[in-house]
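Going by the order they are written in, the chains are A, B, C and D; count residues from 1 in each one.
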Amino acid sequence: MDFHYDLKTRELQEDLLDFMDGHVHPAEATFHEQLAALEDRWAWDSVPVLAELRVEARRRGLWNVFLPDEHGGRLTNLQYAPLAEITGRSIQLAPAVLNCAAPDTGNMEVLARFGTAAQKEQWLEPLLNGEIRSAFAMTEPQVASSDATNIECRIERDGDSYVLNGRKWWITGAMNPNAKVFIVMGKTDPSADRHRQQSMILVPRDAAGVGIERGMHVLGYDDHDHGGHAEMSFTDVRVPAANLIGGEGDGFAIAQARLGPGRIHHCMRSIGVAERAIELMCQRAGDRIAFGKKLSEQGVIRDWIAESRVRIEQLRLLVLKTAWLMDTVGNKGAHSEIQAIKIATPKTVQWILDKAIQTHGAGGLSQDFPLASAYAGIRTLRFADGPDEVHSNALAKTELRRHASGAGR
Amino acid sequence: MDFHYDLKTRELQEDLLDFMDGHVHPAEATFHEQLAALEDRWAWDSVPVLAELRVEARRRGLWNVFLPDEHGGRLTNLQYAPLAEITGRSIQLAPAVLNCAAPDTGNMEVLARFGTAAQKEQWLEPLLNGEIRSAFAMTEPQVASSDATNIECRIERDGDSYVLNGRKWWITGAMNPNAKVFIVMGKTDPSADRHRQQSMILVPRDAAGVGIERGMHVLGYDDHDHGGHAEMSFTDVRVPAANLIGGEGDGFAIAQARLGPGRIHHCMRSIGVAERAIELMCQRAGDRIAFGKKLSEQGVIRDWIAESRVRIEQLRLLVLKTAWLMDTVGNKGAHSEIQAIKIATPKTVQWILDKAIQTHGAGGLSQDFPLASAYAGIRTLRFADGPDEVHSNALAKTELRRHASGAGR
Amino acid sequence: MDFHYDLKTRELQEDLLDFMDGHVHPAEATFHEQLAALEDRWAWDSVPVLAELRVEARRRGLWNVFLPDEHGGRLTNLQYAPLAEITGRSIQLAPAVLNCAAPDTGNMEVLARFGTAAQKEQWLEPLLNGEIRSAFAMTEPQVASSDATNIECRIERDGDSYVLNGRKWWITGAMNPNAKVFIVMGKTDPSADRHRQQSMILVPRDAAGVGIERGMHVLGYDDHDHGGHAEMSFTDVRVPAANLIGGEGDGFAIAQARLGPGRIHHCMRSIGVAERAIELMCQRAGDRIAFGKKLSEQGVIRDWIAESRVRIEQLRLLVLKTAWLMDTVGNKGAHSEIQAIKIATPKTVQWILDKAIQTHGAGGLSQDFPLASAYAGIRTLRFADGPDEVHSNALAKTELRRHASGAGR
Amino acid sequence: MDFHYDLKTRELQEDLLDFMDGHVHPAEATFHEQLAALEDRWAWDSVPVLAELRVEARRRGLWNVFLPDEHGGRLTNLQYAPLAEITGRSIQLAPAVLNCAAPDTGNMEVLARFGTAAQKEQWLEPLLNGEIRSAFAMTEPQVASSDATNIECRIERDGDSYVLNGRKWWITGAMNPNAKVFIVMGKTDPSADRHRQQSMILVPRDAAGVGIERGMHVLGYDDHDHGGHAEMSFTDVRVPAANLIGGEGDGFAIAQARLGPGRIHHCMRSIGVAERAIELMCQRAGDRIAFGKKLSEQGVIRDWIAESRVRIEQLRLLVLKTAWLMDTVGNKGAHSEIQAIKIATPKTVQWILDKAIQTHGAGGLSQDFPLASAYAGIRTLRFADGPDEVHSNALAKTELRRHASGAGR
C-alpha cells in the first residue's frame, strides 16, 4: 500500500497546474465575456479564447489526457484522476480546454472501444481533434430511466437502415449546433431478456426527423456554457444500419461500460470543485469582518472548514481507490466502489458548497462567485446515471448477500 | 390554550382557497407566458392577468389583508398568518394578486406606522392601491450588513435636503421600473451610539444620482418575476429633508420594527411552499413506476414524506405562536421566537424541497415544476435579515443569560 | 387560537414547581443513596424518601394528576401535559412521587376505562393509592412485536379459567417485587381477523407458572431505579376467566386506546428532560474555561444551544396540540399527530442530550450528571410502541392517501 | 499509488483471522462468564480463558504485534493497522489476547522510546510479557484537560525524589489491581513556557498516597472488563527522581508523541467494531420479519446498510493513509490527518452502531448483542485526547493558514 502519486502523475500535475495558473484561470473572465457576446447562445465552443487555450494545451501535451491507455491513450484511470480533479477547479473551462469534457469523453471511449473502423474515422477522429462535439441520448421524460427496461425509444430495423422513434430529455450538450452526432439508446427488441432489449446507435444531428425541442433548466441555469440540456424528439429518423454500435442488444452492456470511467471523471472533477470552494470559503472568512471579528474566528465557520477538509480527504481516497480497482481488476471488480463514489460524491460536495455559499453571504448565491453555478451542477449528479437511491438499494443488496453467505468478514 | 383558528380566520381561509382554486392556480401558466412576452423583462407587474386577478381579489375583500389592524387593516398577525400560508402555495403569483407581496408589505407598514401625513399621501396611498411598487435598500456589497454598524451609505443634511452617497445590492424588486420609491438606510451620524447612527429616507426612483447598476442572480434565476434584485448606486442624490422617515437616528429601530411581521409573512408563505412541495412529492410518488413498483411504495421516499409532515407541523405551530405573541405582547416580547422561526423555517423548507426535487428526478430541478425556483427562493432566506448564524448566536446568548440568572426554569 | 395555558394549569404549574424546588430536587441525592442501600436491588419503591415525598404530594393535591377527567380525574390531557413536562426535569423521582409514572399510569387508565367493578376494586384502587405497582406485558423476544399479528403468547379458555403460555421481554417495572399484577397481551383466537386475535388479561405476580427470568439492560443500565425490564415466561399460568379485560378479541383496541395518553406523557416528560439538559449545558458552558475563554463563548456550543431551543419550542407545541386534539376530537382524530410526536420526540431529545453531554466532557457520560442515564432512557423511546420506522411508514401512507384523493390542500 | 496490502500484512491478516475464528470468537462467551464470576470485579485479566488464549497467540506469532519496528517490533503502522481492525471485531477480548490493548500499548511505546534502561527493565519487560498492566493518568476532573496548560497536578522535586499532589479521573484500566504502574502527567514548572510546564513520571500502584477513589461509569457501564476508569488522588506521593520519563518539561512532547499511533489503533479497532455492526445489522435484517416481509427488504434499512458501507470505506482509507504518513514522514507530517481521523472515526462509527441497534429492536440496546456496549465505548472517543471540537478548531486554523498564504492549491 502506497499513497504516493507515481512520478508520471506528479509531473503531469505540475504541468497542468502550471498551465492552469498561467493560462486557464486568467482566461476565465474572458471566456464568460465571450460567451455572453455569442450570437447563438448555445455555440459555446466557438468562443475564440477556447481555441487559443486548446492550442496551448496541445502544445503542452495536455490534450485528450482522459483517454485510457488501452485505447490509444497513455494514462491509467489512477493517473488521470488527479488531473481531472485539477480541471474541476475551473469546471466550466478547463475540461473543455483539454478536450476532456463530458459527455464527449464517454462517447469517445465508447467509440474507441466498441466502434467500427468506419465509425471511428467518421466520428472519433474529429472528436479527438476537438473539431466537433457529441451528445449521449438515454434519459426519457415519461419514464424512470434509471430502470433501463423502461426505455420507450424504438430502434427498428428496416432493410439497410434503422428507424428511430422516441423522445429524450436532459441530453447534455445537444443544444450546441456543433454537437454533430448523438449516441442514442433505444430498444431494438422489447421482447428480449431484460438487459438485451437495448441498442445504441449513432445519429447525425442533421438526420431528418431529429428535433431539438427545448433546453432544460437546472435551478435557473440553462447551462449554455456547455451546450445546455436538450429535450429531443426522434420522429421516423432513418440512419444506416452500419451506425449501430456493437450488435443489437448490446446497448445495456455498453452503457454500463461507459459508466465506470465517467463516474471517476465526474467524481474527481467534483472534488476539484470542492477544493476550490474550500479555498474560497477560507479566503472569504479571512477577509470579512462582522461584529468586530473576522468570520475566520467564528467557531461555526471553523467547524465547517474542518468538516469540509475531513470529508473531502476521505472521499478522494475512495475515488482514487476505485480508479485503481478499475485499472487492476476492471469495471466489474470495482462495481461496488463505483456505486459508492456515485452516492458519496455529490452529497459531500453539495454540503461543502452550501457552507461555502453561506460563508459568502447572499453574494455566494449570485453570479459574482463560481459557487452557485457549481452547486446547481453538483446537484444534478444526484440524478446522473440514476438517482442515488437506486444505487444505494443495489449496494445494500450486495452487502446483504455478502453477509447472508457468511463471507462477510 | 386553543389550537382552533378563530371564525374570521376560517371564513377568510375558505374565501381565499376558493379564490385560489377558481382563479389564481388556473392563471399561473398564463402569468408565466405573459411574463415571457414582456418587452421590459423587469416590468412584471404590468402583465394583464395580474390586473384582472387584482380586480377579483378586491371584489372578494382579499386585498391588502396583510395590513395589521392597528394601522387601518383588519386582521391580527395570527389571523393573517394562515392566509399568508395559502398564498405561499402559489408563491410567484398569489401574494402580488392580494397586494401582499414583499418588500411592499414591509414598506407599507413602515409608512403606516412611522410616515408623515404627506409621506402617506404621496407613497402609501398608491402602494395600498397597487399602483406603484417600492423597494427597501439596506444591504451593501462591501460589508457584512447583518451588523448595522457596518453600513457605509451616508445620508448627510445639507440645508433643506439630505444628500445620499453609497452603494447597495440585493435590493429586491428594484429592477422593476414601476418600483417608484426606495426606502434607503444610511448613516446620518457615524459618531452616534451604535444603534442611533442610522436613518431611513424615501428616495424617488427618478431622483438624480440614483443608479440601477445590474440585477443580481440567485442560483441561476434573475427573479424578474418579482422585479429582480438590484445593485444600486447613490451618487450625490439629493432629496427633501421631509423625506426622512421618523427622526435622525431612528433607522435601526424602524428596521427592527419592520422585521417582526415580515418574518411571520416570509415564514408562513414558506410553509405554504413546503405544503405544495409535499403535495407534489406525494403525487409524483404515486404516479411514477421504477423497477416494478410505484415510488410511493419505496420505504426511503415514504420516510421523506413522513419526516416532511412531522417537521412542517412543528414549524407551523411555532410560527403561529410567534404571531400570537406579537399580537399580545408585541415585537419585543416575541423577540426570541422571531429569531427561532427565522432560523428554523428556511432550513426545514429547504430540506423538504430537496426531497421533493429528488422524488421528481431531474425534472424536479427544471422549469417544468415549481420546485427548483422555490428552492432558490427559500435558500435566500438563510441570508435575509442577516445569516442564520447571527441569529443563532444571539438566541444562544439569551438562553445562556436566562440560565446564568437561575431563571432557567 | 390561543397559546396561553389556562388558569388551572398555571396554578398547578406553580404548585408543582414549588413542590419540585422545595422537596423533589433536594431529595434526588437521598433517593439514589437509599436506592444503592437496598437489599433487594429491584424494590425501588420501598425507599423511605419516596414514601415521605408522596405524603407531601398528596397533601398538596398533586397526586394522580395524570388521571383523565372522564375517569374520575380532574385534568384534561392538555392540562396535565405541562405538569408531565415538569416531572421530566427529575425523571427518575418526580413521576413516582406523584404516582404518575409509567407503566402504572397506562395500566390504571386501562382499568379505569375497561375494567370491571371487581377488577377496579382489586387492582385499580391499590394502584391509585400507590400501594402496589404493575407492569404491561406485550413485547416478545422472538418476533417483531410492532406487528401485533406476530404475537405468539397464547391465552386459552379452559372452563372458568384462561391458561397462558408464552414469553415476554422488556416488561418494564416487572423486576420490582411490588409489581403485583401484569396486564398480559396474548392471542385468544389466532384464526380471527387480524386485529381481533388478541386479548388482555390480568395476571397476579404470584400465579403459578409466572417466571421472572432476568433483567434486560439498556446500554449499561439495568434500570433498577424503576423496576428494571424483565424477561418473563408464562408456563401454563391459570387465572380466573373474570381476569379478562373487556371481551375476547378486544386486546388490540385496548392497546391502541392505551397508547394515546401514554405518548403524550412520554413526550412531555421527555421535553422536561431536554429542558433540564439545556439548563445544564448552559451552566456548564458558563462555568468551564478552555484555551482562555469560557465554553459559552465558543460559537459551536452556542450553535448547539440555539438549535436546542429552536427544536424544543417546536416540539412542545406539537405535543400540546396533540393533547388538545385528544381532548377535543379523541384518540382517533389525533392519530396522525400521535404518530408524529412519537417520531419527533426521541430524535429531538436525543440530539439535545448528545450535545449537552459533549459540553460536559467525559463527565457527561458518567454517573455524576443525569445526562447519560437520560440518554439511555430516551434512546429506548425510539423502540417503545414499535420502532419509529413503523410509524413513519404509516404516517406516510396517510399523507399519500390524502393527496391521492385530491384533498391534500 | 497502490491500494494492495503488502504480502506480510496479508499473511498476518490470514493468520489473525484464522486465530479469531478458531479461538477468539468461540471464547467470547466464556470470557464474559468468567468475568461475571470474578471475586474482584476489576481483576479482569486474571480470567483463565485469557491466559490460555495468550499462550496460543504467542505460539502463532501474534503477540505484541502493535510494537513499531523501530522499537523492537516488526511491523510498520500501516502493517499493523489492518490487524488492529480485525481485533476490533472482538473489541473486549482480542486486543488483550494479543497484548495489544490500550492504554498499555501507548505506555509501552512511551517506555520503549523515552524510557531509561532501568525503567525498561522494571516496567516495559513485564508489560511486554503481559504479566502486569498499566494506566495513563492525564485527565483531571476540575479543568478542561484538552488544554494542557490547565493541568493542576503538581510534580515537585524534593531531593532525590519527586512529590506528587493532584487529582485525576477517567484513568482507564486503573481499577484493575494488576495495573501496577501509572504514567502520571503533572506540572514540574508552572512558570515555564506553555508546553514546557508538564512532565511525566512513573508511579507504582503501591506508592504511599495513591488513592483509587472510585470507578467512573460510561452510559451505565463500569467497564470492569478492561479495568474500568478510575478517579484517583495523589497525596504527597513520593517516587524516586529516576522515575521521571525524559527530562523535566518533556511531558507535553511525550504526550503528543504517544497520541499518533494510539489514534491509528483506536480508529482501526473502531472500524472493526463498525464492520461487525454492519454484519450483525445485515444478518438481523435478513432474519427478522415484520408486516409480511423481511427487514432486509425495507428501503430504509437498505439505505442504512448502503450508507454504512459508503462511510466506512472512505474512513478506512483515510486511517490507512494516516498510518502510511506516520511511517513515511512521521507524526508531525501526519498531524492534520491524525486530527482528521480523530474527528471522523467516532462520529461515523457511532452512526453505524445507532443504525445497527435500531435494526435489532430493543434487543440492540441490551446485553444480548455487543452493539450497546460498543456504542458506549465509541461514544467516549469523541472525548478521548480532547473533545472533537478542539481538534476541528485546530484543523480549521491550519486550513485557513494554508489558504491565507496562497498555497492552498
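Methods note: a residue touches a chain if its C-beta (ideal position, glycine included) is under 8 Å from a C-beta of that chain, and two chains touch if they have at least 3 such contacts.
Protein names from UniProt, one per chain: A, B, C, D = Acyl-CoA dehydrogenase.
All values reported here derive from a predicted model rather than from experimental measurement.
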Exercise for the section: Report which interface contains more C-beta contacts, comparing A-B against B-C. Expected result: B-C
Problem - Pair in B-D, B-C or A-C that repeats A-D, with over half of contact pairs matching by residue number - result: B-C
Fill in the blank from the handout: In whole angstrom, the CA-centroid distance of subunit A from subunit C equals 53
Practice task
Could you grab the centroid distance between subunit A and subunit B? Build each centroid from C-alpha atoms only and quote it in angstrom.
Solution key: 37
Fill in the blank from the handout: For the pair subunit B and subunit C, the C-alpha centroid-to-centroid distance in angstrom is 43
Fill in the blank from the handout: subunit C residues touching 2+ other chains are 298-303, 389, 392
Fill in the blank from the handout: Counting only contacts in the complex, subunit D reaches subunit B at residues 298-303
Practice task
Can you check the complex and tell me which residues of subunit D touch subunit C?
Solution key: 139, 141, 143-147, 150, 169-170, 216-222, 288-291, 295, 298, 300-301, 358, 361-363, 365-368, 372-373, 375-376, 379-380, 382-383, 387-390, 392
Handout entry: In the complex, subunit B residues that touch subunit C
Key = 1-6, 9, 17, 78, 89, 278-279, 282-283, 285-286, 296, 299, 301-303, 305-307, 309-311, 313-315, 317-318, 320-321, 324-325, 336-337, 340, 343-344, 389, 391-393, 395-397, 399-400, 402-404, 408-409
